[in-house]
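Pasting the structures here.
Two complexes are shown next, each including chain A; its partner changes from chain B in the first to chain C in the second.
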Partner chain A sequence: MARRYSMVAAFAGLIVAIQLATHFMDASYHLTQLTMTAYYSLLIIGLCMLIGYAGQISLGHAGFFAIGGYVSAFLTTHNLSSYKGGAFASFLKKSGALVGRPDIYGGELLTVHPLLACVAAILLTVLIAYLIGGPVLKLKGHYLAMATLGFGIIIYRIPLGTTFLGAADGISDVPGFPLAPGVVISGASSLRVPNYYLAWGLVILGMALLLNLVQSRVGRALAALHGAEDAAGAMGIPTARYKLNTFVLSAVFASLAGVFLTHYNGGIGPSEASVMKSVRYVAIVAIGGMANLWGALLMSLVLNYLSLRGYFGTYDDTVFGAILILIMLFAPDGLLRRHLFTDLKRLVSREPADEEAP
Partner chain B sequence: MLPIVWGKEPKLEFFFQYLVAGITYGTIYAIVAIGFNIIYNATGIINFAQGEFVMLGGMTAVTLNQFLPLPLAILGAVVITMIVGAVIEIVFIRWLHKPSVLRMVIITIGISILIRETALHIWGESVRALPYFTGSSTSSINLGGVYISSQILWVVGVGALAVAALSGFFNLTMLGRQMRACSANRDAARLCGIDAGNMVTLSFVLSAAIGAIGGAVVCPITYVQYDSGTPLAIKGFTVAILGGLGNSTAAVGAGMILGILESFSIWVLPTAYKEAISIAILLLILFVKPSGLFGSAEAARLKEF
Partner chain C sequence: MTLLSVREVSKRFGGLQAIDDLSFDVAQGSIKALIGPNGAGKTTLFNLISGSLEPDRGEIVFGGAAVHDLSPDRIASRGMVRTFQHIRLFPKMTVLENIMVGRHVHSRAGFLAGMLNLPFTWKEERRIREKSLEILDLLGIAEHARTEASSLAYGQQRVVEIGRALACEPKLLLLDEPAAGLNMRETNDMGRLIEKIRDMGVTVLLVEHDMSLVMKISDEIVVLSYGQKIAEDRPLSIQKNPEVIRVYLGDDGC
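Then we have the complex of A and B:
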C-alpha cells in the first residue's frame, strides 16, 4: 500500500521536476508535447491493463481514441444555430447544454457543451466496446489480433469516407474544454503550464485508479485469468465478464484520451485512428514490460515525447516497428519487467550489506 | 480501379462486368490467402507481413523493368522477394524456441512495418505500375458484349497456374511431401530424417514467391505503392479464414466469394466503404464460424489460435 503511493508521489515529483527544468532552461515550449504525451499516456495505461493484466491484445485502440475525439470534436463544432428558434433548443441553451460563441466570421455558433459532448463520447465508446468486445474476446491469438485490427481499420475508414467528419482533413476549430470553473483544457500558450499539470494530474488520477484495481479482487482475478484461463474459470472466476469489463475500461481510457487531446489540440484528423497508431501503443506497452503499469507510463512519457518532438524524423514508424521486433525477440516479457525494480533493489541493497559484513 | 469499358447495353452486361472485376480481385485475394496458408501449415504462424511480399513483388518488378525486359524483370522481382522471405525466416523466426502466438503476431507485424518503411525510403510515396503484359490499358477483348482487359486474363491465368503448380508441388514432388509431413507432425517428420527447420525456411520462400508473382501480375491494373500491402493482407487473411485456415483449395473459392461480394457492394455502398465490407465479413466469420465456411469446427478446435 505504502509503496504504491510512494511511487505515485515520486512520479508526481518527476512531473514537477520536468516542468521546473523546462522553466529554468527557458524551454517551456516543450510542455506542449509533454502535455500531448500525457493524454497518450492515459490511453497507454488503459491498454497496459488490457494487454498486460488481462492478457488480451488489441490492435484497434486508436479506434477508441478516434471515437472519443471525433464525437467530441463534431458535437462541439457542429453549428445548431439554425434550430435556435425551437423550444427544445432554447430549453437546452438555458440549461447550459448548448453554448453559443461567435464564429470567425462574426456570426453566431451554437454548439453542444464540451462536457455533454464528452459524456456522449464516453457513452458511445462504452456501447461500441461492449458490442465489439463480447464476440471479439471469445477469440484468441491470431484471430483476436486480426479482429481488433479489423475493427481499427473500419473505424479509420469511417471519418475518411464521411464528409461531415471532415474526410481526410479532419475537424478543426474545436473549442477548449472547461472541466471546472477556471480549469480549461486548451492549447492556448498562456495556459501552457496549468494545462501541463492538469493533463498529468489526470494521468496520475487514472494511474491511481488502475493501481488500486490491480491490487483488488479484480486484479487478482485477472492475474489468474492471464496465467491459465481454464483454471481460473474452474475456480469460479467469470473469465468472460472480467475480460469484457477490462476491455471496456481500457476503451474508456482511450476514448477519454481522445476527447482531451482533441480539445487540447483544437482538432483531430483521421491519422489518429490509423493502424500504425494502434501498433505504436502496443509497442509502448510491450517495451514497458506488459504487466507493468509504471513501466508503460515511463516508456510512454519518453517515447511519445521523443516522437512528438520529431526526434525520430522520417524514421518515426520504423523506430516503433524495430522496438516491437527487438523486444519480442530478446525480451518477450518486456524490457521493464514487473520484478526488474525489486531485483535491482535487492541487488543494490545487498551490495552495501556485503561490504559491511567483514 | 479496374479499367472496365462500360457498355451502353442493358444491365445484364453490367452484371458480367462486375462479375469479371470480382473474379480478378478474388484471384489476388486467393493468392495472398494461399501465401498465408503455406506458412501457417508449416509453422502455425500467421505472417502479418504477407501483404508486403505482394507489394515488394510489384515494386521491384517496376524498378527492374526500367532496364530489363518485362519477363526478366518479373522473374528478378520474384527472386528478390524470395530472398527477402528467406532472410526474414532465418533472422527472425528460425532460432525462436516454441514462441507464443502473441509473440509471433507482434514480431511479424514489426517486420511488416520495417519492410513498408524501407520501401517508403527506397521508392517514396509515388504510385507505380507495370505496363500491360499484352495490349494496352485501353484495348480490350469483347466476349459476347462483355469487355475484358487482356491483363485480367493474365491475372486469372497466372493465378490458376500458380495454384496448380503449388498443388503439384505439394502432392507430387519429394520436397513438397516433406513439407506436408512437417506440417502434419513435425517430430515424426524429423524422425524420418527431414530437416524441419529448412522446411520452414522453404515455406517462407514459397510464400514470398507466390505473393511476388501475384503482386507483379496485378500491378498494371491496381497500381502499387509502398503501403498497398496492408489492405491486401487483411483481405487475404479474410479469405484464408473464410476458406478455413490452412486449406488452399477452399481459399480459391473463398477468394472468388469475397472478390465478387466486394465488387457488387459498389452498387449499394459508396466506394470509400469498400474496404470495410471485407473486414465486416471477416469479423462476422470470426464471430460466427471461425473454422471457415468449408472447414470443420472440430478440426479448428484442435488448432492453437
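Then we have the complex of A and C:
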C-alpha cells in the first residue's frame, strides 16, 4: 500500500517539475496542451481499467467522451431566457439551477448551471452505458470490439446530423466550470497555471481511486474473470455484473473527461466523437502495457502532448494506427507490461547462448 | 439427510439425449462418485448441477431449494462449488491470490468501497489473506504461496484448484476427474485429500475414471450409461453388478 501512494507522490512531483520547467524556460503556453492532455488521460486510465484489468475491449469510448462534452456544452449554452417570465424558470433561477450571464449582444443569456449540466451528462452516460453494455458485454474478443465500434459510429453521427448540437461546427462559447468556490475550469490564459494543477489533480485523484480498486476484492475478481471467466463464475463472482460495472465506470471517466475538457476548451466539435479518437485511446492503453495504469498514464502524457502540440503533423492518426499495429504484432500484451524487465533480461541472457551454436 | 437431489432431469443436444430422466440423491457428509463409459453424460450432468447448463426437464434441489435455473455464481454463493476436468486456475495470479479469489463469496467490499479504500476493507482483506494461508497450510503447499499458478507442476495445480474451491467453504464440492493426469502416488494423495475434505464435513460428488480410487474412497457410486442411471450402490456391490460389468466390458462372450 505504501508503494501505491509513493508512486502517486512521485507522479505529483513529475507534474510539478513539468510546470516549473515550463516556467523557467518561459514556455508556459505548453501548459494549455498539457492541461488538455490531463483530461484525455482521465479517459485513458478509465479505459485501461476496462481493457487491461477486466479484459474487455471498447472501440467506442470517444462516444462516451462526446456524450459528456455535448450534454454539458448544450445545457450550458442553450438560451432559456424566453421562459424567464414563467414561475418555474424563476424558481429554478432563484435556486441556482439556472444562471444568467450577458451575451455578446448585451442581452441576457439564461442557461443551466454547469454543475447541474455535469450531473445530467453523467446520469445520461450511466444510463446509456448500462443499456449498451448489458447486451454487448455478452460478446467476446473481436465481436465485442465490432459492437462497441458500431456504438462509436452511431454517437459520432448524432452531433454531425443534429442542428441544435451545431452539426459539423460543434458547440462554442461554453462557459467555465465552477468546480468549487474560487476554482474554475477555464481556458482563460490568466488561469493557465491553476488549471494545469487542477486538471492533473483530478487525474491523480482518479488514479488513486483506480489503484485502490485494482488492489481490492473487486480488482482480484476482475483479474480472475480476465484469466478464466468460467472459473471466476464457479467461485461465485457475478462475472456479467462485474464486467458491466467496470464498463460503466470507465464510461463515467470518459464522460467526465469530456465535460471538463469541453469547459476548458470553451467548446466541442464532432471530431471528439470520431472513431479514430477511440482507436487512439486503445492504442495508448496498449502501448502503456494493458494491465498497467501507470504505463497507460505515462504514455497518455507523452503521446497526447506530442499530438496536441502538432508534432505528428498530418500523420497524427497514422501514428496511433501504426502504434496499434506494431503492438499487436510484437507485444500483444502491451509494451510497458509488468514483466517487461524480466523478459528483457531473459532475452539478453539467452542471445549469446544462441550464438554459440555452430 | 439429503443435501443434493437430482430429480427426473433430462437434457438433449440436437439429436443426442445426453441425460435421460435421471434421478439420484447425495447424502450430507458422504463421498458419492459418478462413473460411466466415455460419452455417458457425466460432464453434462456436472454442468447441469453446477449451473453452466439448464435442464430441459426435471429439477435439481440443493439444500432444500431448487437451483437448476440459477447462474453458476449464484449456485456457488449458496455453497456448491466445482473444479474443472481441465484445470482452470487464474494463470497470471499467484497461488495465494488464486485461493483468495475463493473467499469472494465470504467478503463484501464492492466497487465503491474498493475505490475509496474504506477501513472495513482492510480488516476484510486481512481476514481473506489469513484464511487463504490456512488453506495453503492444510494442503501442504504454503511454500508456493507466491509462485505464479501457471508455473506449478500439474499435480500441484490440481491441489491449488481444490484449495480455491475449499476457500469458498462449500457445503458440496463437485470434483470433475480430480485424478486425471496424476501419477499413481499423486492419485493416492488425492484420495487421502478427498477423504480429509469429507471428514471436515464437506460433502463430495465426483466424476472419476480411476476405478481403484473410486472404489477406495466412495461411500456410494452412481453408474451412467447413455445418459441413464443403470446402477446406484455401494462400491462392493457395484463391482459385482452384471449390468455395470456389461457396459464396461461389453456383453459379447468375454
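We adopt the following convention: the second predicted complex is superposed on the first by the 338 of 358 C-alpha atoms of A that agree within 3 Å, B and C clash if a C-alpha of one lies under 4 Å from a C-alpha of the other, contacts with A are read in each partner's own complex, and residues count from 1 in each chain.
In this text, a residue touches a chain if its C-beta (ideal position, glycine included) is under 8 Å from a C-beta of that chain, and two chains touch if they have at least 3 such contacts.
Owing to the predicted nature of the structure, the values given are computational and were not obtained by experimental measurement.
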First, second, both or neither for A:233, with chain B first and chain C second: second
Winner by number of chain A residues touched, once chain B and chain C are compared: B
Chain B versus chain C as contact partner of A:20, first or second or both or neither: neither
Which superposed partner A:210 touches (first chain B, second chain C, both, neither): second
Partner chain(s) touched by A:325 [first = chain B, second = chain C, both, neither]: first
Partner chain(s) touched by A:10 [first = chain B, second = chain C, both, neither]: neither
Which of chain B and chain C A:157 touches, first, second, both or neither: first
Which superposed partner A:131 touches (first chain B, second chain C, both, neither): neither
Chain B and chain C footprints on chain A, overlapping residues: none
Residue numbers on chain A that touch chain C, as the complex places them: 209-210, 212-213, 215-221, 223-224, 227-228, 230-239, 245, 249
Residues on chain B engaged by chain A in the complex (per definition of touch): 46, 48, 92, 96, 99-103, 105-107, 109-114, 116-118, 121, 230, 234, 237, 241, 270, 272-273, 275-276, 279-280, 282-283, 286-287, 290, 304-305
Residue numbers on chain A that touch chain B, as the complex places them: 57, 59, 135-136, 138-147, 149-151, 153-154, 157-158, 160-161, 275-276, 279, 282-283, 286, 314-315, 317-318, 320-325, 328-329, 332
Chain C residues within the chain A interface of the complex: 50, 52, 71-74, 76-77, 81-82, 84, 88-93, 97, 100-102, 104-105, 107-111, 113-117, 121, 124-125, 128, 164-165, 168
